[in-house]
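Okay, so chain A shows up in both of these, paired with chain B first and chain C after.
The block that comes next holds the complex of A and B.
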């Protein structure tokens, strides 16, 4: 079966003031892709995601989602997208139930359906007992679970995840990883950005590395290994971003920490 | 708790001021039973008892209060420290939360006033926010409570100068316009939130129509703050002024509907609800809200004018209804998502 193109970036360039964040990016994403989107801090990962969501505009080039240019799109394409943002900011004076009902409502789900679905999903994550507790009393991991649920309530075709596993315990991570794998097997597209290389290595079936506003690498983990003659994604990441002095920096740092106080 | 405290201070001021009757440029103190509940008077009485040697029973009782109550309060405080601590502890741990029963009647009512699903969703969201945001509650609830009391404070003043019968015959029912004050009070605060960063969802979600947000918000404010004012003060006013004022009340309520929409347009503009930090709340906002409060006076004046003619009120009500229709549909259309 021919896999359909879901997202396409054509010559996308983005500046913040004088600073060039992304330069002439071309990228095609197909259904069933789990893209691990990696790069150093400030390389433009979150910006890319936000542009595709329509949260950031003022770029050059074209972004096509589901074959249509974002510039002539209304908001309807967002119905088919789920998003877990980087900093788990949410209206935390609400209870989990109220928050999820609101999000589901924004996607046009009926109240009763949404309530029931949210409850069942929370049961699976073992957080249904705090359904009516305020989000402000939740731990980081519990908030993250709520966000993951909120991004999936409407059964989206494309998922944008920014550090989705942060704060989750090992078992929950395993569950989420499996969820992502199964979603992708059903033809959903997942765009996953993270700093944790081990996870990206295991989850993604395609890795895109961005550095200095350019795509420095694009391919499956095996392809990248072959091209770079390195054993792990961490090593590939270091070599492609031209970073090798982590030992020296660490030594200097520890030396400063251990300086005698006069 | 803090809200009760602030409200208590507001009303306390009024009561203390009323303990003294202002006659012939002389402040004379007239004892009354309710002064037993106003601490400032206790200390005044202590002063009176010790320094001027006043020894009437009432003053002595009050003076005794000034000594005894703080001591009792202190003992109570010490005794209750463990309870405070455990409450504090509860604040910082995960609470279970109570299962909220869905009220069918409420559901049906919401469905009636907001048939559109997206609009109703926003109403529910702003209900939940307005009920749970600490800072919002702290800033808004005391003032809302106060507006409930104002009409009666004025009426008491009137009674002091005349009789209750005179009040009933008179036109003090225009005081009902004071209930409108809750609307700008609340609407000038709804764009703020302690968790304003959560507002990314507005941009990430498929929002078809900005109008629905504003309408949902306005309706939720009306239901949550104005409806109780109507339900509680309305019957009281009817009781005081008899049924002759029913049409006037209808006119005032219609004015409230029109006025709420105007307030949303003027005070919120392009801001999305709960999307700004409280720290940017500016002085200018206060002035805007104050100007909107003056508008109430204008509405009241027009009402008085129309009341002079036969069928004046009916005509005015008609005009109001048309205006409501226009503002609630076309008016809201004019503000669209700016960015």
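The block that comes next holds the complex of A and C.
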């Protein structure tokens, strides 16, 4: 079966003021892809995701989602997209149940079915006992679980995840990883950005490395290993971003910390 | 979180919103969420006291504002309209604006809304309308609580003409305060955005 193209970026360039954040990015994403989107801090990862979600505009080039140019379509395409933002911003004074019902409502889901579905999903994540507690009392990991549920309630075709595993314990991490793998097997596209290389290496079936506003590498993990003659994604990441002095920097840092206070 | 008198009132105008191209069920959903959060936010006037679950703190805070409002009543008995109203509006502006800045900053400035709602299939117009309606509701409740009693007293002391004029000016006052608060925030964010 021919896999369909879900997202396509054509010559996308983005500036913030004078600063060039993304330069001439071309990227095609197909259904079933789990893209590990990696890059140093401030390389433009979040910006790319936000542009595709319509949060940031004022870019040059074209972004096509489900074959339609973003500039020519209204908000309805977002019905097929799920998004887990990088910092877990939730409405703290709501309960988990209310929050999920609200998000489901925004996606146009029936309230009763959404509540029921949310409850069952929360049971699977073992957070159903705090369903009616305020989100302000939730730990980082629990919030993350709520966010993951909220992004999946409407069964989206494309999922944007920004550090989705942060704060989760090892067991929950395993569950989420498996969820992602199974979703992708059903033809969902997952766009996954993270700084934790081990996880990206294991989860993704394609890795896109962005550095200084350019795509520095694009391919499966094995292809990248082949090209760079390195053993782990961490090493590939370091060599592609031209970073090798971590030892010296660390030594300097420790030296400064240990300086006698005059 | 679906049982607000204001929302039921709004339901009557639903066809009007639809005609304006606004997604009314979505608008109602956002507003009911905002109102629910309002009832749970502890207003500045109660910041010192203990927080209990399940109480509508917003409505309770309105009583305090009504108490503040009582303080302008004596000025209604001053002979010269000029002094009378200068003092009254001075006091009202101060009360409304400070409460606006302290309590409502979380609403005017809710940066979470952007990430939360813009990524969902809701159009920008509906979100803006919901925000505007929410601010209007908050301002009207606050103004009615603060200036309601003085307004009624003025009806008896100064007559119907004064009463109507006073009411009209209160509405204009609200617009002014809203504008000024927005400007203050705009200036602050402009200069102190880190």
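As a working rule, the second predicted complex is superposed on the first by the 262 of 262 C-alpha atoms of A that agree within 3 Å, B and C clash if a C-alpha of one lies under 4 Å from a C-alpha of the other, contacts with A are read in each partner's own complex, and residues count from 1 in each chain.
Basically, a contact is a pair of C-beta atoms (placed from the backbone, for glycine too) under 8 Å apart; a residue touches a chain by one contact, two chains touch by 3 or more.
In this text the structure is predicted, and so the values were computed from the model without any measurement.
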Item to check | Clash or fit, chain B versus chain C on superposed chain A | outcome: clash
Checklist entry - Taking the superposition as given, does A:218 touch the first partner, chain B, the second, chain C, both, or neither? => result neither
Checklist outcome for this item: Winner on chain A touched-residue count between chain B and chain C: chain B
Checklist entry - Which holds for A:85: it touches chain B only (first), chain C only (second), both, or neither? => result both
Next on the checklist: Once chain A of both complexes is superposed, is A:128 in touch with chain B (first), chain C (second), both, or neither?
Outcome noted: neither
Checklist entry - Touching A:235, do we find chain B (first), chain C (second), both, or neither? => result neither
Next on the checklist: Looking at A:54, would you say it contacts chain B, chain C, both, or neither? Reply first, second, both or neither.
Outcome noted: both
Next on the checklist: Which partner chains sit in contact with A:23 here, chain B, chain C, both or neither? Use first/second/both/neither.
Outcome noted: neither
Checklist entry - Is A:137 touching the first partner chain B, the second partner chain C, both, or neither of them? => result first
Checklist entry - After lining up the shared chain so the two structures overlap, which partner does A:108 touch, if you call chain B first and chain C second: first, second, both or neither? => result both
Item to check | Touching both chain C and chain B, counted on chain A across the two superposed complexes | outcome: 53-55, 74-79, 81, 83, 85, 89-91, 93-94, 98, 102-103, 105-108, 134
Item to check | Partner chain A, residues of chain C touching it in the complex | outcome: 1, 26, 29-30, 33, 36-37, 40-41, 112, 114-124
Item to check | Footprint of chain A on chain B - complex, ascending | outcome: 92-100, 117-118, 120-122, 124-125, 128-129, 132-134, 193-195, 197-198, 200-201, 203-208, 274
Item to check | Footprint of chain B on chain A - complex, ascending | outcome: 53-55, 74-79, 81, 83, 85, 87, 89-95, 97-98, 101-103, 105-108, 110-111, 129-134, 137-139, 142
Next on the checklist: List the residues on chain A that touch chain C in their complex, please.
Outcome noted: 53-55, 74-79, 81, 83, 85, 89-91, 93-94, 98, 102-103, 105-108, 134
